[in-house]
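Two complexes, one shared chain (subunit A), two partners (subunit B, subunit C).
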Partner chain A sequence: MATRTPSRAYDSILKLLLVGDSGVGKSCLLLRFVEDKFNPSFITTIGIDFKIRTIEIDGKRIKLQVWDTAGQERFRTITTAYYRGATGIILVYDVTDERTFENVRNWFQTVHQHANEDTQLILVGNKNDEKDLRAVSSERGESLAQELGIPFLEASAKTNDNVDELFFKLAKIIQENNKSNENLNSNNGGINVNSRTESKGCC
Partner chain B sequence: MKHNLPPQSCDQDFRNDYTVCLNSYKVEFVENELQPIPTTPTPIKEEDEDPSHLKQDLLKKSVTIDPLSTGYNSSEDVDSILDVIKMDVDRLIIDSIFQNEDIKQDILTILYNYNNFTPYKQGFHEICGLIYLELYKDDPQNPQIKIETFNIFTSLMLSVVPNFYIEDNLIGWCISIFNKYLKLIDDSLYDFLIKTHKIESQIWLIRWVRLLFLRELGMQNTIKILDKFICFDYDLCKLIPFVIIIQLLKIKLNLAECEDNGEVLSLLLHYPHTQMTNEDVKNLIDQSIKLFKSPESELSKLGVQLNKDINKGINWDKVKDMDRLKMELRLQKKVRGLLGRKK
Partner chain C sequence: MSVSSADWDTLSMKLDNSIVDSTLFKSNDSLKEPSLSTAIDLNDYKIVQFLAKTKGGLINSNFRKKAWPLLLGVDMEKFHGLCASRYSVDWKSKPQHKDEDQVSLDVDRSFIYYAENGSDSVKTELKSKLNDLILRILRENPQLCYYQGYHDICSVFLVIFSNEMELCFQCVQNFTLLYLRDFMMPSINESIKILKLIPPLVQKVDAQIYNELLLGDIEPFYAISPLITLFSHNITSFSSISQIFDGILANGSLGIIIYYYISLLLSQKENIFQKISLMEEEDCFTKQDVIHDVLSKFILNIEKNTIEQSLEDCTKITKRAPLEKLLPFHQIQRNSVLRTSPLINDLDIKEIKDRLAFITEAILEDQVEGSKITDPSSKATRFSIKDALAKKQNQTLFKMSLTIGIIGLLLNIILKKNEAFQLQTPITQLWNTHSEIINIGIRPIRDLLPKFF
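Presenting the complex of A and B:
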């Protein structure tokens, strides 16, 4: 079982953040991923919660610090502290609730305001087990993700469908991005870039 | 219900069945002043181009006094706020009584009416639920339970909302009050959290203070602490930083053993609490009051003394920083291991 292990041996740490409207199942996805548990009525997240799981990708042990945020806090200044240093952000909506899907664009904008430009995003439609209550089709989720230029998955914390896949996929993309950045730096034809990171954003 | 008792009577009543008992600001609404929850979404007539006009009507009907005048606004309309409140009340699982539909409706009515004074924020529901539960335990048949909960909740939140639920104030409180006292009382812990691990206090304090320790220390401990605060009419918000700092000193050795800032944060957000006895609570409050009343120049000395009282077996006069503490703990572990092997 993958409960929080105080495993000292890890090759890198990634900070991931779960965001999305209240009630879409962010905490349930996290609980399923870290403790393999599901609780249909989960307490409201106040501020943040935080869980750790170490995973292995391509032989590298990666310690994932996953921050779970409160859905009501989108516009709040306090959330800027949560985004600091996040390498991956999981945008969650509920496939049975159209409003939460409509709000994805707002969350996307909020994330862009606060996160680093190279932070990797992923869109997730949770509760895909609720076949009769589905209000947002997979195609619409996929097409929104394409429009936003980010990967997409549907998952269910309840049935454990695609939950591990979601976190592994995100971690893997971040790892690959990091690798290609390293390669880019090392393939500079011997030009010393003084390990200066290229400033991508404005000022 | 004991909320009409004078504070000194509470002392005698400070027994096993604690209750959040005192409506110290004497908020005294009566039952028929509570507005019913609209059963259908707030209708917006076509000719009403500006929906805020409707909200204005609603305010005029329901507010008789405004005890808060907090000045923070919310763009969320009544319907979506009601949806959030409903969702949170459905997730109120501090006790099985909240599965009862009538009780859910009571909580919803209280929070809906309170929203007319102060825009609903997640967290209100748990404090409200806690008060309701305590009154329910006193008398499950109490016909006044809804209005009494509303009045006590409103009274309690008079200081909690402006300090902890208005975000700028919360951030200001964390930096200029909490951090300040933490540095004065235990400089090494301040350096460890804020300088070494770069953990901004508001990140973890938000839940500690907004829910008045409910998640961190557990419901029974929280009730005992709040009861003592409220019975004796202590200023909750002034004592809270000292309560938290003392609780941090209790896990200082665990904190020292953390490997990275993730482990530190995880510990702060999953505080390893145990059931506190009445004596423990009394000590905690007494120590908090002592720190509160002491001049700032005395706090460092009192901090060392607290460390000595709480974590015995460490030479606190010599162990001045967390790295040294970590080394000391490793050494002690090693020695214990060697002694164990010899036996």
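Presenting the complex of A and C:
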């Protein structure tokens, strides 16, 4: 297996994916996380693209490649093609919009149909700064997440509340899953970039 | 500014040699403006169509406001007639369309590029107009499904027609039915089928790009947004996007957009290769991901001049590789806009030549008479050219005006017919009717006359 130059600035790559109804703030969460910016009228996402940020967890540098998807249902034919490559998927709803919360189950099913079995999910209620407009309580979010068996957070791209936390939390869980899998398989510890099949193409 | 007779001599010489190409008007808007102005006054579809294809397209919003309705078969007389309000039957009382919530989400995020200098209040007003425009299109054509990106296209029309909402609506409606209906089917599959023409087309025109960028292996989803928004989601310059719309209208086919994409891709070839190798070096993502990323973003950074040049260069590719010959074309549905209005390169040069020369003569006469052309849009100038033309008006011209009139009439009949049955008509039937409209737009009218009379 090819070895990259020692100057590489990271130890592993994780491919994450944001899904959820149109307008829940997927692109805004990503923009906040990657560029620390917020724009209330951020341009619609048409199709699918990604942004990158490298984070550090337990001394390991992890490069996050986060895919952002169009929310309108008709684009699912396109976006679901990318589910399989993702190690983590962020299901986003808008706490001020009941319907986006109700749709979480649909998204959950779509994810199950198209993603890998071991893909780690997380549920995120965005726009939790909008106190007056809130339509979905934290408790309901929490209880749905429990029912689906996935972790949960509320966040705000606008006020930068819990944004880093959600990505870190997901990355950490994935990293731990990877570690325990490696232990199970009695493979040597440490996450190796080159062991990730989807990372080899360009090396 | 006056038109020198030397310019017209050059023009005549080129016309005589049948080299009617875009270079004619490239560097001389002072020549193009009066020609365009006259052609619009005369409802001369072919000349307007021809000038729209020359470099710089239809020049500015003032010309577009008049030329786009013509190219879209909108009957202007009705708007100048007594009762324009008769058209805007109260659409708000029509049943709501299922996609209206999505529209409002997208309208909230509109006018990011265009009208960028507009104040908040201007933008708020534009957004409210955009919302009404799209809702009216959907309520009056309930078979069409809204897609994210349609709002970007509509916003271009709104900036052009700013205060003429009724005309704007008629133009957008015709434009939607003629060019965008594949994108507005219940599923996105028809759009994907069109998208799939891109890789084999690239293979035909530049095998190196095709091979290096693994276009045979990756899904062409990188081009979904340029395709379905006709670049209005990707090109920030309003003058460039207007010229692209000019080009679509002048070519009478959605197919041209695929060639524009390829032409822009070719213009950025080296940059794209460089960027990809840089990203691979730095990031070690899969090559497929890197390619998807670069190809879905490269258009955003292209200079205005390069875009103009690419639009011009596009003609060469359209001739080299017709869409109909590509394998995935067989998958395209029978009533797709690509089938009902294919890209036609055989404009009747002889006829255009005659008419351009005719306009030229009239303008020259104008000059001789000492009334210099200072403002092509001013009424006085237009009328004087018209008068000069009237003297020399021959039968051909009369026939053409008649033809345009008939096109308008037929469109109106069909649109009315459509309005009457649309509530209970299955989408395929609607599609057939729309394809008749398209035929009228692009085929010689005489072929169609027996069909309707």
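Please note the rule applied: the second predicted complex is superposed on the first by the 174 of 203 C-alpha atoms of A that agree within 3 Å, B and C clash if a C-alpha of one lies under 4 Å from a C-alpha of the other, contacts with A are read in each partner's own complex, and residues count from 1 in each chain.
By our rule, a contact is a pair of C-beta atoms (placed from the backbone, for glycine too) under 8 Å apart; a residue touches a chain by one contact, two chains touch by 3 or more.
All of these numbers come straight from a predicted model, not from anything done at the bench.
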Item to check | First (subunit B), second (subunit C), both or neither touched by A:L133 | outcome: neither
Item to check | First, second, both or neither for A:L184, with subunit B first and subunit C second | outcome: neither
Next on the checklist: Per the contact definition in the header, classify A:I46: touching subunit B only (first), subunit C only (second), both, or neither.
Outcome noted: both
Checklist entry - Touching subunit B and also subunit C: which subunit A residues? => result 4, 8, 13, 22-23, 41-44, 46-50, 52, 63, 65, 70-72, 77-78, 81
Checklist entry - Taking the complex as given, what residues does subunit B use to touch subunit A? => result 84, 87-88, 90-91, 93, 121-123, 125-126, 167-168, 170-171, 200, 202-204, 206-207, 210-211, 215, 259-260, 262-263, 265-266, 269-270
Item to check | Residue ranges of subunit A touching subunit B (in the complex, touch as defined) | outcome: 4, 6, 8, 13, 15, 22-23, 41-52, 63, 65, 70-72, 76-78, 81-82
Checklist entry - What does subunit C use to touch subunit A in their complex? => result 102, 105-106, 108-109, 112, 145, 147-149, 151, 187-189, 192, 219, 221-222, 224-225, 228-229, 233, 280, 283-290, 292-293, 296-297
Checklist entry - Where on subunit A does subunit C make contact in their complex? => result 4, 8, 13, 22-23, 41-44, 46-50, 52, 63, 65, 70-72, 74-75, 77-78, 81, 193, 198-203
